[in-house]
Each structure stands twice: as C-alpha cells, then as structure tokens.
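If you scroll down you'll find the structure; I have some questions about it.
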Amino acid sequence: MSMFGFGKPQPSSAEKIAAAEQEMDLFTDMFNKLQQACMKKCVPKEYREGELNKGEGVCIDRCSSKFFDVQLKISELLQAEAAAKGATGGGFGIGGM
Amino acid sequence: MSMFGFGKPQPSSAEKIAAAEQEMDLFTDMFNKLQQACMKKCVPKEYREGELNKGEGVCIDRCSSKFFDVQLKISELLQAEAAAKGATGGGFGIGGM
Amino acid sequence: MSMFGFGKPQPSSAEKIAAAEQEMDLFTDMFNKLQQACMKKCVPKEYREGELNKGEGVCIDRCSSKFFDVQLKISELLQAEAAAKGATGGGFGIGGM
Amino acid sequence: MDGLTPTEQREFQSRMERKQMKEFMGMFSNLVGHCFDSCIDDFTTKSLVQRETGCVTRCVKKFMAGSERIGQRFQEQQAQMMNQPPPGQ
Amino acid sequence: MDGLTPTEQREFQSRMERKQMKEFMGMFSNLVGHCFDSCIDDFTTKSLVQRETGCVTRCVKKFMAGSERIGQRFQEQQAQMMNQPPPGQ
Amino acid sequence: MDGLTPTEQREFQSRMERKQMKEFMGMFSNLVGHCFDSCIDDFTTKSLVQRETGCVTRCVKKFMAGSERIGQRFQEQQAQMMNQPPPGQ
C-alpha cells in the first residue's frame, strides 16, 4: 500500500482499486444474503433428495425476484431519507449519530 | 496498547493508525451486536407500524443499559481469569490452546 | 496462486505472508463454526451451572469428531465436483457462475 | 492521531472513509436481509404485493428509529465511560 | 481498471485472487456449518452414521444446485440493471 | 516463513498480532452477544437483577470450558492430519 504514495496519477488509481474492491465486496455480500434468505424460504432442511425439485426451483426464482425488489425499495427509502435530511450526510446509526 | 508510543516516529504512527482502526472496529462490532440483541428483544417482527411505540422505546433503553452491564461484567470476568492464569497470556479458545 | 513461483524472492515472500494469513483465517473461521455448532448441539442455554457436566463433555467430543468428518466429506465432494467439471476452475456460486 | 505526517494523515483518512463506506454497506445488506426475512413469505407471485411493500417500508422506518435510539444510548454510555475511571484502578 | 501501471495491475490482480480464495473459504465454512447443523443430531456415536453421510451428500448437492440457480438470477438482474437507467433520473 | 527479510518478519509478526487482537475482540463480542441473548429477558428494570448476573457468570464459565475442550479436539485433529497423507493421493 505504501508503494502508491508517490506521484500524481497513482493515488487516483489506488482509489480506483479500492472502489472496485468495495463494489466486489458488496456484490458478494448481497449474493450471500440472497442465497441465505431464499434457501431458508424455499428449501426445507431435511435433505431427502439431492436435486432441487420443481417447486423449490420456482420458489427460488420468485424469491430472488422479490429480494431484488426489496433491495431496490430499501435503497429508494434510504435515498429519500438522506435527501430529507439535506446535505448533512450520514444520518444513520453509528455513522450518523 | 498505549505503551507502544515511544520508539521512532515511523513505526509508531503506523501502530497508532492500526490501533485507532481496531478500536473503531470494536465499537462498530459492539454497536451492531447491541442493535441486533435489543431489536430482537424489544421490537416484534410484524411491523404493523413504522414508529417505535412507547413500550418499545422504553424497552430499548433498558435493554441497552443491561447490555452495557453484561459487557462490563464479562470484561471483568475475563480480566480476573487472565490474572488467575498469571502472566502466561492468552488462555482462551484458539489463541490460548 | 501457483503462477507466482517465478521471479525474485521479494514478491514471493509477500505471497507467503498472504498465504499464511489466509490459512490462519480459515483455521479461525473453522474453529468458530465448530464451537458455535457444538455449543448449540451439546450445551443448553439455561446456564444453571458453570461447569461442563460429563454428558456435555462427551457430547462435545463426539460432536467435534463428527464435525471433522463432515468437513472432510464436503471437501471430498467439492473436489470430486471440481474434477468432474474439468480444469475449467471455479464452478461454484458467484465465483463460477 | 497527532504526530502523523501529512501523507500518513491522508492515508488514515482515506482508510477511515473506506471503513465507513464498508459499514454503511454492511448496514444496508443487514437491513435488506432482515426486512426481507420479516416481511416476505408469499412465493406465489414474483413481484412484491402491496402488503409486503408496506411491511418493508415500516420495517425500514422502525429499524432506523430503533437504530437512532440505540445510538443515543451508546453515545451516552461512551461519554460516561470517559468521565469515569475504570473499576478497580 | 484502465490507467493502472503494470505493477498496480499485478497488485490488483493478486488482491482479487486473494479475495476469491477468501470467498471460497467463506462459502466452504458456511456449507460445513449449514449441512452439519441440518444433518447431525445424534451424539451417541463419534463417527458419522450412514443416514448422516447421506444427508450431508444431499445437502451439498442441493446447496450447489440452489446456489447455481440463484447465481443465474443474480447475473440476469445485474445485466438488466446495466441496460436500464436508474429510476428517478 | 523462511526466506523473509528482517523487515518482512517484523511486518508479518505485527500483522499476526493485530489478527490475534481482532480474533480476541471477535470472541469477546460473540460472548457478550450470546450470554446476553441467553440470560437477559426481563426489561422491567434497567440494571441487571441477581439472577441475570449469575446466569451471565455461569454462561462465561461454561463457554470457556467448552471452548477449551473444543480447542483440544481441534488441536488433536490438526496434529492427526499432519501425520496422515490426504485420502486419495
């Protein structure tokens, strides 16, 4: 990390790397949450068979679709909240106390 | 951790940064645990209303207070345990096996 | 990871450090999962006594043993799966979509 | 954070910003996971029904209200700990 | 990731590889935790009984099938979001 | 960790120390979360009642006893794996 501390263009590319990493982290986190949520809702834990049966597959498709809707809805709500609080930034839990 | 502040400036400031980061991580972790614990104990998951009602608010206040007490109690117990084990350090789970 | 075996010692030792860190992380993660699983299965949450009683101790020993078996079984299944998919790598969840 | 060179201060600040961003993302994904789990139980449709949308909205509002209240208690307790010597010393 | 020097690109790539390895390990330990929790409930023996081994095998297969299906939906949704302006802009 | 320069060794050691501190903190916050969840269910008072304090004390003792026992099994298994070629090779 210390190797990025030298001329002009470099810090900006260190920032780019950090941003790309964070985006990847958010994707992974969201995928994990989605998987956890929809496996719990759609796949019983008895494991009497190794295949997904048709009902489970359809349930997973709908569950994923609703998960994306919830994600979008919540991001809209947070944006509206942030806008209502003005440009003061944060305003959430520990970050914005 | 504060005892490390005396050597040469370069390693010491890297140490300071690391210590400040760790403290911030512990705060965040504790806040998340507290929130998870007290939302679970005090706020039913039906979400028939968007406001915290009076009972929920009072419950959150008392729950937070008890959470801090538990945190303090456990840190005392761990310190007593460490003292009883003498200066051998660690002595817990994976770190001290 | 195997592609790093070529050039001067310095990048290779940074790689070594990273690999040692990752191994340590996996160990910690597995120990935590094991502890969580076997405390849940073997130790009731009432806490009427502070000692592990004999039954709980025996349960923990067997539970740990079965946990290692499951770990081994699953790693074999994943290896077989990877082999069946050929040298295309990945093939799992987000990494191999 | 005294005694840091300007370069170190910039580095520190940028790490703190990344950390806050990470915390915000963690909070967001927890909120999505929690409100989804609490509000969505009908998989006969592929889009949210009105009842579910309403539940999610209330879930977010209540979570934020609770989060704010817990945050106040947390801050008060931090302040109190600062003004008080640790026990047994 | 344009505008990176070759050294930076190597650094970036090696970090991404470590991240993927970490994700794989996280997935592995979650899978072990989940299938253990779902399948193992008999502590009168210290080795897996046949029923448990079978359950673990099916658990892994089903988890992978589910994971793949969810991954497809996830990718489709990412693709769709790319081709669509964000709402309200 | 052979072949490291002294500077690298120091860096490595300091990272390991930070990691151990992080693990200790993670263990601490898990312990607080677990014992709070198991022992505290009465919110008619704002201070711990005697029953709760006792429960927390036993919870910590039992957690540590269990942790130590599981740690022994974990170490034995690691040692055993070292002395045994992996299956199928």
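A, B, C, D, E and F are the chain letters, set down in written order, and residue numbers restart from 1 in every chain.
The criterion applied here is as follows: a contact is a pair of C-beta atoms (placed from the backbone, for glycine too) under 8 Å apart; a residue touches a chain by one contact, two chains touch by 3 or more.
The model shown is predicted, which means the values in this text are computed figures rather than measured ones.
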So which chain is farthest from chain C, going by the mean of the CA atoms in each chain?
-> D
Listed pair (A-D, B-D or A-E) duplicating the C-E contact set, over half by residue number = A-D
With chain centres defined as C-alpha means, what is the inter-centre distance between chain B and chain E in Å?
-> 29
Can you give the whole-Å distance between the Cα centres of chain C and chain F?
-> 15
Per the C-alpha centroid definition, the whole-Å distance linking chain A and chain B comes out as 25
On chain C, where are the residues touching two or more other chains?
-> 25, 27-28, 31, 35, 42, 61, 65, 93-94
Going by the touch rule set out above, which residues of chain D reach two or more other chains?
-> 11, 23, 26, 35, 39, 57, 61, 67, 70-71, 74
As the complex stands, chain E meets chain A at residues 1, 3-5, 7-8, 11-12, 15-16, 19, 23, 26, 30, 35, 38-39, 55, 57-59, 61-63, 65-67, 69-71, 73-74, 77, 87-88
Of all residues in chain C, which touch chain E in the complex?
-> 1, 4, 15, 18, 22, 25-26, 29-30, 33, 36-37, 40-42, 58-59, 61-63, 65-67, 69-71, 73-75, 77-78, 81, 92-95, 97
For chain C, which residues are in contact with chain F within the complex?
-> 9, 12-14, 16-17, 20-21, 24-25, 27-28, 31-32, 34-35, 38-39, 42-43, 45-52, 56-57, 60-61, 64-65, 68, 72, 76
Residue positions on chain F within touch of chain B in the complex are 14, 18, 20-29, 31-33, 35-37, 39-41, 43-48, 52-53, 56-57, 60-61, 64, 67-68, 71-72, 74-75
